[in-house]
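First chain A sits with chain B, and in the next complex the same chain sits with chain C.
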Partner chain A sequence: MALSDLATPGVAIASVARNRIPRIGVIVALLWLALLAVGALVAAAGLTADPLTNDYTVISQAPSLAHPFGTDNLGRDVFSRSLHGAGSSAVVALVTVFVGGGLGILLGVWAGLRRGIADAITGFLTDVTIALPSLIIVATVVTLAGPSLPTISLTIAAFAIPVFARLSRSATLSIAAENYVVAARTLGASGWRILTREVLPSVLPVMMPFLMTTLATAIISEGALSFLGFGLRPPEPSWGGLIAEGRTQLALAPWVTLLPALLLCVTILAINVLGEHLREAKR
Partner chain B sequence: MRIAWLPRAGRSLLVLIVVSALTCQLAALLPGDPAFVILGDESTEAQREALRHTLGLDQNAFVRFVNFMGGVVTGDWGTSFASGRPVLVEILSRVPATAELVILSQVVALAVAVPLALHSARNVGGKLDRLVSTGTFLLLAVPSFVVGIITIQFFAVQLGWLPASGYTAFVDDPLENISHMVLPVLTLGLAEGAVYVRALRGSAIEALRSPYAYASIVRGASDPQLLWWRILRPSSSTLLALIGVSLGVALGGTLLVESLFAIPGLGRLTVSSLGVRDLPMIQGVVLFAATTVVIFGILADIAVSRIDPRSKHGLV
Partner chain C sequence: MNDVLTIDDLVVGYGDRIVLDGVSLSVPAGGCVGLVGESGSGKSTLARTVIGLQKPRSGAIRVDDGGMDHPIQMVFQDPISSLNPHRSVIDVVAEPLTIRGEGTRQQRRETARELLARVGLDPERFADARPGTLSGGQAQRVAIARALVARPALLLCDEPVSSLDVSVQARVLNLLADLREEVGLSLLVISHDLAVVRMIADSVAVLCEGRIVESGDTERVISAPEHPYTRQLLEAAPRLPHLKLPHLKETR
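The block that comes next holds the complex of A and B.
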């Protein structure tokens, strides 16, 4: 139920005393993500087969050297489409982490330092956002405002804000009581200086594992959205869309669905491995 | 610290009012003309004008909100564009299928998760523990729509054991109902179970380090006695909170599973309403979903304070 956990990524994987992630796992995860990033960039630069061109001479072909992931029922290269889909997923994931996570952390730290009315308002808005069904709202916004990458990523990002506001607020509360913050305050440092120089550098490392979790949930959310048909408009490739498109020919051409699905799962796994590693490193 | 119930309830009510306010402004907040989006470019200006009137878009935001709230309170949640039936009636008629799906998957998730979590917590680093940890970690990387596709392909198409999609009400034909429910319940329950195992295992390990667990062990309690009678209860607050959250947000998860398995529940209603841009229906579903989140949040709080009295005194 990874998807609707968008509002609660932190709770989802939080637990103590886990088995350690082997070092080789971390290296493989990093390599995989780097490889995928290069692949997505190469595809975006137009160096792979055109993801939208139908080639009726190679309909539903099994994976081969010419088409590593095979072709779909319109003769489009599934590998190239998957790499383009990786690009869209990466945009959504990065926007969610930087915009949603960034704003959320700033808001939480601010509320935690100011306390009082600012804190109460932020807390209330967080409650409201968490009560909203994220997937339904995102799908509605995309339906009414038109499916585009900025709309999709910013709406998904909006739902990450309250999560980070809540998490970073409680982190700030404990940090604000530390001696070095109290010392800075006594020395007459401005509120902004305390926020950027003293508190943020301590809050950010605490938030890193949650940021990784959010990276994964954002990719899953985008996948679910496209899978339901509310993502980028076909034939524009996205992971969820590819997986949904191939469903009808699963028996005939399983690679059209299963290889993009595998790509998606391995990527989520790699991100989770890194998140887990960061969580362990913190301890 | 005792939970102050009155402020908690008041705050929840305020959350729901703000959610309603946002919901009824949904169409107006978005760029473009919703009447145009809903009716398409072949509609006449008169048709669009009539729709704007129906949606209250020709009034100002405050009047729209007051009318909407009045309707919500009196049970008039508007009329569906698609079916012409009242929104609330339509929503309530879809609840049984979704409730069955959600409840069964929670039962399956817990039935698998609780024993696995407790026993792997007893032998951290043991064979079972490593298997469970690795298994759930892998499972967490597979989104439910992928799990669904794979189960359909394997159990329904290749083995032909179970139907791939469809739904029969339990009262009409219990056996048929169950056979249609197995795959969707597995799909939802597996993902939930993985999260539950990891959460409960963590709290159980902590509880097992406590003096009372140690006392119980030296007095010769067997593993099942120790785990089920001494450890489960104090370890379950995180789990209960998680169950509250997942019941609350269940609607989001059923969107995918119900579409995939063609179950006529709330999730499918939402998807089809979005497809035909049935705005009153979508508003109703959003409000209904928000209400379930709030209610299950409160219920989880109550459950935690009942099952773990320490939480009332701020001891955990």
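The block that comes next holds the complex of A and C.
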């Protein structure tokens, strides 16, 4: 692989970098994400306190056994709301990676293989799209189409497409020059076969670390949108929304903001640790 | 005999630069023609043009294709990079059949195993290996097996052994010579190394700055070069090994 070959001269650097993420860190990160997934599923199955039910007997209570993350100013269980929010975040993150990343990579590999006019048009469109103020456009779309989970996920995913297209195009250019791609052409392989069987398997490992980073940025984007009021409509829990709601009670009940924020931070950290691990493993 | 490949007055250029300037060359069926020249003489451009990766400005390339869609197969200088690193050796070798949709998966793999054995690689040991784990010589054998599976009319070898160890070079060249006899393969071997061409080719063409300056029977050209450039190439080469190698029996 041409790209990883470029990294080989720095053998000493690579072996130091390899140790940067200790194995235990990777295990903890995986355990955390698994735990969160189980928690989100348990919450989605309705096995935790109802995230939308107000309970005026337990308003703004500090974390306790009954309410591990405490309660907010309407007496709702913050822990349950956080787990439900994890589900929304996971949907946004996965849709962004699979739809946005998938379409973007396909587009980039296609453009990189076709070159010529197809490449020029794709390049122009990605440049223009990357230059657009994404937050404003996402906010507008969400306002017009209504703040549903599919709308938010797909809009965030759409803005991932050009970035993936551009990165995978440049990865494709170096791989398309490899002799095994030339060999497949002389064997008469179709364009689709060369794209999926010869080039994509070499592009995907190069894109993996960035796909992981995108998981994290999609979650953060959803959080930012919710915080700004363009996310899921309030009582519906999402991480950004929880943090935004708790903001007004920060002095009185800091757990309403801080614990979901901590959950968000640790999750992003776990994803980034895994992404970094993949990046190192590739060397 | 018929010519498998006929190149007629081929002109190829990039931008303002003319890389091949009126090259004519033919490879008889079952024959082996060597094309020698320094780097920059246009050898690789000729290879790219013959397999259709580069469009000529003018001239013609005719292939007696024997009814095949892709009658010319190529063996590359860097064998490792000519094999997809994400596939097993058996899949790489069976790929020409997979692309053409010939036979069942089982039949294709069986053919691939036979060809692996034919090029001197134990199918038991190498079928499931990844190309990255092979040595240069092993990888070149896999590439040759893949080319043979496609049943080409002509095997175009672009510096087939120049990235291999000297001891492995002779074995791979012997393999090509054997295949030529047994399968009736026609070969066009491009090399900067006269010794390589001398070991395998019946006739040789000397390419200098995009033109063929001398061609003819290999021994004649090497023992009595007419063109100063050929003499220069001969003098630049390290002492040539004597005549053809005895055919070593393959152990690997």
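In this section, the second predicted complex is superposed on the first by the 264 of 283 C-alpha atoms of A that agree within 3 Å, B and C clash if a C-alpha of one lies under 4 Å from a C-alpha of the other, contacts with A are read in each partner's own complex, and residues count from 1 in each chain.
By our rule, contacts are C-beta pairs under 8 Å (C-beta built on N, C-alpha and C of every residue); 3 or more make two chains touch, one makes a residue touch a chain.
Quick caveat: nothing in here was measured; it's all calculated off a predicted structure.
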item	value
Partner chain(s) touched by A:Ile268 [first = chain B, second = chain C, both, neither]	first
Touching partner for A:Leu232 - first (chain B), second (chain C), both, neither	neither
A:Leu278 touches, of chain B and chain C: first, second, both or neither?	neither
Which of chain B and chain C A:Gly188 touches, first, second, both or neither	second
Chain B versus chain C as contact partner of A:Phe124, first or second or both or neither	first
Contact residues of chain A, present in both the chain B and the chain C interface	1
Chain A to chain C touching residues, read off their complex	1, 178-180, 182-190, 193, 197-198, 201-202
Chain B residues within the chain A interface of the complex	11, 14-16, 18-19, 22, 26-27, 30-32, 34, 37, 124-125, 129-130, 133-134, 137-138, 140-146, 149, 153, 157, 188, 191-192, 195, 198-199, 201-203, 205-206, 238, 241-242, 245-246, 249-253, 255-256, 259, 270-271, 274-275, 277, 282, 285-286, 289-290, 293-294
Contact set on chain A toward chain B in their complex	1-8, 11-19, 124, 127-128, 130-137, 139-141, 143-146, 216, 220, 223-224, 227-230, 240, 243-244, 247, 250-251, 254, 257, 261, 264-266, 268-269, 272, 276
Footprint of chain A on chain C - complex, ascending	51-53, 69-70, 72-74, 76, 78, 81-86, 95-96, 99-100, 143, 146, 150
